[in-house]
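Here's a structure for you.
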Amino acid sequence: MSAPDLRTAIREALAEELERDAAVVLLGGCGEDPGGALGYLRERFGPERVLGAPSSGLALAGAAYGAAVAGLRPVFELASADLITLAMDGLVNRAAKFWHVSGGQGTVPLVARAAVGAGCRRGAIDSQSPCSWLQGVPGLKIAFPSSPAEARGLLKGAIRDDNPVVFLEHRRLRFARSAKGPVPEPDGEAIPLGGARVARAGRDLTIVSAGGSVSDALDAADLLAGDGVDAEVLDLRTLRPLDLEAVLESVARTNRLLAVEEGPRLGGWAAGLLGLVAERALHDLDDAWTLTMAELPIPYSPTLEDALLADAGSIVAGVRARLGLAPGVG
Amino acid sequence: MPGLGAAQPEHATAGYLGAYGRMLLIRRFEAAMERLRALGEVQGPIHPYAGREAVAVGVCMALEPADYVSGHDHGHGHALAKGTDPEALAAELLGRETGVCGGRAGAASVIDLQNGLIGCHGTVGGSIAAAVGAGLAAGRRGRVAVAFFGGPSADLGYFHECMGIAAVRRLPVVLVCERDLHAERARGIAGADVAGRAAAHGMPSQVVDGDDLWAVRAAAAAAVARARSGEGPTLLECRARGLDEDSGGAGTMPRDPLAGARERLLADGVAADVLQELERGVEAELDRAVDRALAAPHPDPAGALATEFSPAR
Amino acid sequence: MSAPDLRTAIREALAEELERDAAVVLLGGCGEDPGGALGYLRERFGPERVLGAPSSGLALAGAAYGAAVAGLRPVFELASADLITLAMDGLVNRAAKFWHVSGGQGTVPLVARAAVGAGCRRGAIDSQSPCSWLQGVPGLKIAFPSSPAEARGLLKGAIRDDNPVVFLEHRRLRFARSAKGPVPEPDGEAIPLGGARVARAGRDLTIVSAGGSVSDALDAADLLAGDGVDAEVLDLRTLRPLDLEAVLESVARTNRLLAVEEGPRLGGWAAGLLGLVAERALHDLDDAWTLTMAELPIPYSPTLEDALLADAGSIVAGVRARLGLAPGVG
Amino acid sequence: MPGLGAAQPEHATAGYLGAYGRMLLIRRFEAAMERLRALGEVQGPIHPYAGREAVAVGVCMALEPADYVSGHDHGHGHALAKGTDPEALAAELLGRETGVCGGRAGAASVIDLQNGLIGCHGTVGGSIAAAVGAGLAAGRRGRVAVAFFGGPSADLGYFHECMGIAAVRRLPVVLVCERDLHAERARGIAGADVAGRAAAHGMPSQVVDGDDLWAVRAAAAAAVARARSGEGPTLLECRARGLDEDSGGAGTMPRDPLAGARERLLADGVAADVLQELERGVEAELDRAVDRALAAPHPDPAGALATEFSPAR
């Protein structure tokens, strides 16, 4: 079975969950429609399961929360993750709080899908990573798949999860046909949210990443192997909950930690991860650093955008510099 | 709470008698909570519902127990109107483990799913989104979803965006703008036309005398019937004049909805001693509820603060 | 001159800036009005300088951005920091981006004021710290004063700053009449944003905090002195920009770092600060940890809320445990 | 750009001749950028403005250079109508250092403060908030602020919340809903009544033939005069039928606003050779602008990515 592209992966996951559970409904769909799916799914499942709605993040998130409280499992789509800014009251103040505030009376099983990520010349307001806006919200899960196959399994896991989930679909994954590294779960199965994945085993250095950057880390690991550096690559899969134990276990073996994030350093998950590891296992660490973006909005100019974004090459260069290896070795 | 029973659609005086009891319960409950607040027993804010009782109770008379309601930050009024147990609600405001939300919510955010109260919403306008969302689910089961919200909500995005969705999808939703004209005057807000804003979304609307239980129930019954038959949403603008701060509660204001309901029941032939017995019953129930709530344990941080997420399905 | 309470401090700062610069206007004011100021200021400066507006975070933030671009210096008020969720598009997608996206054509000198903080029995949706939602947004400053006197100086600094600023007024400061620790700036002066403040000098441990928690840290430091632990207390003042150099300088002397944050650990600024320090100065650190809240919404119940919040006592207990001191010594 | 000059309020044919030139410039500019996009020179998205030129140009004819305009994601149309230099705009889309925003913005977010363009807004409805905010400043200086936005904005919170603020404060604002009925049909949206929604906020509104430069200019002039005299905001719903995808640009559709303007000018007595000379001038200016933009340097990451904040005042 050949690995799916992102659109196919998303469409299949949605179709299978709509088929499996009559409570699942799709809302919205005026955006980039990364699954390319909504027209097809509306035809197959009808307008009561696949509902058009104005592209209004405020009301969509609020209504999805109300629908979930009342027993549906809504999946709604924001045209772009930058528009999560409009959906924050529903996600943060309502969906994330309901289970606790109600004293466990009910849950809010909604999924907010959004295209995310820089590198596509979309400019400052259509390229942002929303991870830092949301990671500090208890009660809200963030899934950030690293390949089409992962997206398929994690979307199914997100829809089956009883908690609200923001599901981020990195734009650069659209060009990826196959998952890098092993995909341990058989195709078509849901991946439960919360566990990190060892995308590549190694002994010298742990590179932690998520979403579109994981394949850069894997490429970098291949290049570093030529330098004699055996890098382990961890794919976090979800940023909340965060599988800190998996990172600690890896760092206990490698003693070096690099976190690669597509986003600014200050306030980002990568620096936070270093802090959590330092707090728990300071003396396991020989070195720890991050590779992130500069503290700047993402510029439209291709020259500037490329300069701002990390890739496999900059990961390799960073590791070489940090380990004191001669540049260009290997 | 036998004798108070959740408000039910009924056309005899009997239904209104129970409804009057529930209005009285809301009024007395609030006063009791304010007293406990002055004593430091209730520590969180309470947004008063006195003067609006006819709105929540009149609307809930038109609903079935399984119908959904979302409230705004005057949550205790909506909860009691929809049938929440006063003891569990008092315990909630007291922050006790036996509270309807285990003491996690407080007054402004009460949730009581068993009685169809999907939540109360401090964010102005948030209740509208919740009810419109619940309307998506309600239609499948022949249920109706009602949002209560204040006049200030009509200026905000939730109101308009959600009216648009409800109208386009013909959702079984009733939007109840419960205007406290007294509070609005105090805030210096000019009396805007709320009902008229529904026209922008092709939604029918009606201005209702929010001080009159009978008028509210009649308007709500029509809107609920429309919603349940699949014809779509309605906006009701219920104008409550609010209690004058100096009036000191029930009975002293000519427009006090509670006093008005009592007079109407007397005029409709209900005997004074029947009313007095009902009133004594409400007071006794409330006293018992408050006493029990005060005796209930505080939540244990050890267990309560254990897990972030609901266990995966 | 006696130190002001928070309401007075805010009102005076607003009045002085309205007086000083005709471009300053105030918008909104349907909230808690922690300055207790708007009625008085409207009378003094007129309705063209102190404008009422619906309590709509969406339009207020968007309009403040437009007004700032067109030459005003708007200060608007959100009823509560939890409602920053409604103002995110204007703050994050517009105000924070304008200077860079315009190629430096103009700036957005707006200030968004909001009451923030737990401990007042306001429940999960009226007690949150918004720091984690905003700290990862390049171009947006976050000021978080630690006392009424600091609030006065920092608000003046925020209004004079050419960049957009979120200004957080901690509810517990309302009960504080005086600033703890030295206030180096003379009363009435603006404090420029960006520099941390040594609230208490010490040699054994650096406690970093911001906002309402700084006075807890100072109380804890007093108690720890009885144990023979000489703690330095740093008040960050702003969370973006973050004065990392000040933290590094302190940690280079004390070799121990504790970050105290009123908010969850995952995604919070405290863990991120540890990470930034680990990245730059891992080998200066003998120990580093955070004191934050559990990963939970803030419960209404006073019993539960108190259990969730740190105070001077829990800071002391944490330090004693971490340093291996017998509990109750001193 | 001599010969094209920013659209100015003028009542002679001469004003419309210049305006026609600017409409043509928008149409040709967009076609040139699409060609460069096919070649990979312009890498970002371009939201087409073809078929709406009469709206931006007709409105900007009624404005002074110092008036404020905010646009939506079809930014190049609004920029050129307000007077942005085509060379600086082409360089912007090409991501060059000489771009009007130094290559930082791209087409959807163009800002040109010197020409009063306070920004273009990808967030549907965002342009409305920007103009209403600018209206707060504009009033002090006798200026007017105009927002352009698409039909889908009328369903969203920004539209309603901002109309409320503009109406209550009588701001000198003109809200121009520029509906591309063709695009809306393609998206499956039924033609809603946008102008009617202003009534909910007590704001006057008008439906305007957005394909007719003269009609747009007349409606805009009245709304701008009303705003400038302190009477408050107006909503204009300009309905453009949009170009049929098959029509292949100017001249082939009876309702093409560009062809319509040309015919009207001929009918009003402008000589054909005057028009042809104008058209050749536009083409020549555009070619020169594009050539220069293509020759401009890319920004240098070293300098461009230096500071996060504007230096404190």
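Worth a mention:
Order of writing sets the chain letters: A, B, C and D. Residues in each chain are counted from 1.
Please note the rule applied: a contact is a pair of C-beta atoms (placed from the backbone, for glycine too) under 8 Å apart; a residue touches a chain by one contact, two chains touch by 3 or more.
Computed from a prediction, not measured in an experiment: that's the story for all the values here.
With chains reduced to the mean position of their C-alpha atoms, the one farthest from subunit C is D. Spacing of subunit A relative to subunit B, judged by their CA centroids, is 41 angstrom. Put simply, the C-alpha centre of subunit A and that of subunit D have 37 angstrom between them.
Inter-chain spacing, taken between the CA centroids of subunit A and subunit C, is 30 Å. Looking at subunit B, residues 99, 101-105, 109, 123, 155-158, 161, 164, 308 sit in touch with two or more other chains.
Multi-chain contact residues of subunit C (touching two or more other chains) are listed as 54, 56, 58-59, 82-83, 86, 89, 93-94, 97, 100-101, 123-125, 138-139, 241, 294-297, 299-300.
Taken as a graph of touching chains, this assembly is fully connected, with contact between every pair of chains.
For subunit D in complex with subunit C, the residues that touch the partner chain are 68, 70, 99-105, 109, 111-114, 118-119, 121, 123, 126, 128-138, 145, 157-158, 161-162, 164-165, 168-169, 308-313. Only residues 25, 27, 51, 53-54, 56, 58-59, 61-72, 74, 89-90, 93-94, 97-107, 109, 138-139, 141, 160-163, 192-193, 241 of subunit C touch subunit D when the two sit together in their complex. Contact residues on subunit B toward subunit C in their complex (touch as defined above): 43-45, 95-96, 99, 101-106, 108-109, 122-124, 152, 155-157, 187-188, 298-299, 301, 304-305, 308. By the touch rule above, subunit D contacts subunit B in their complex via residues 155-161, 164, 196-197, 199-200.
Interface of subunit A with subunit D (complex): residues 30, 52, 54-56, 58-59, 82-83, 86, 121-126, 294-297, 299-304, 307-308.
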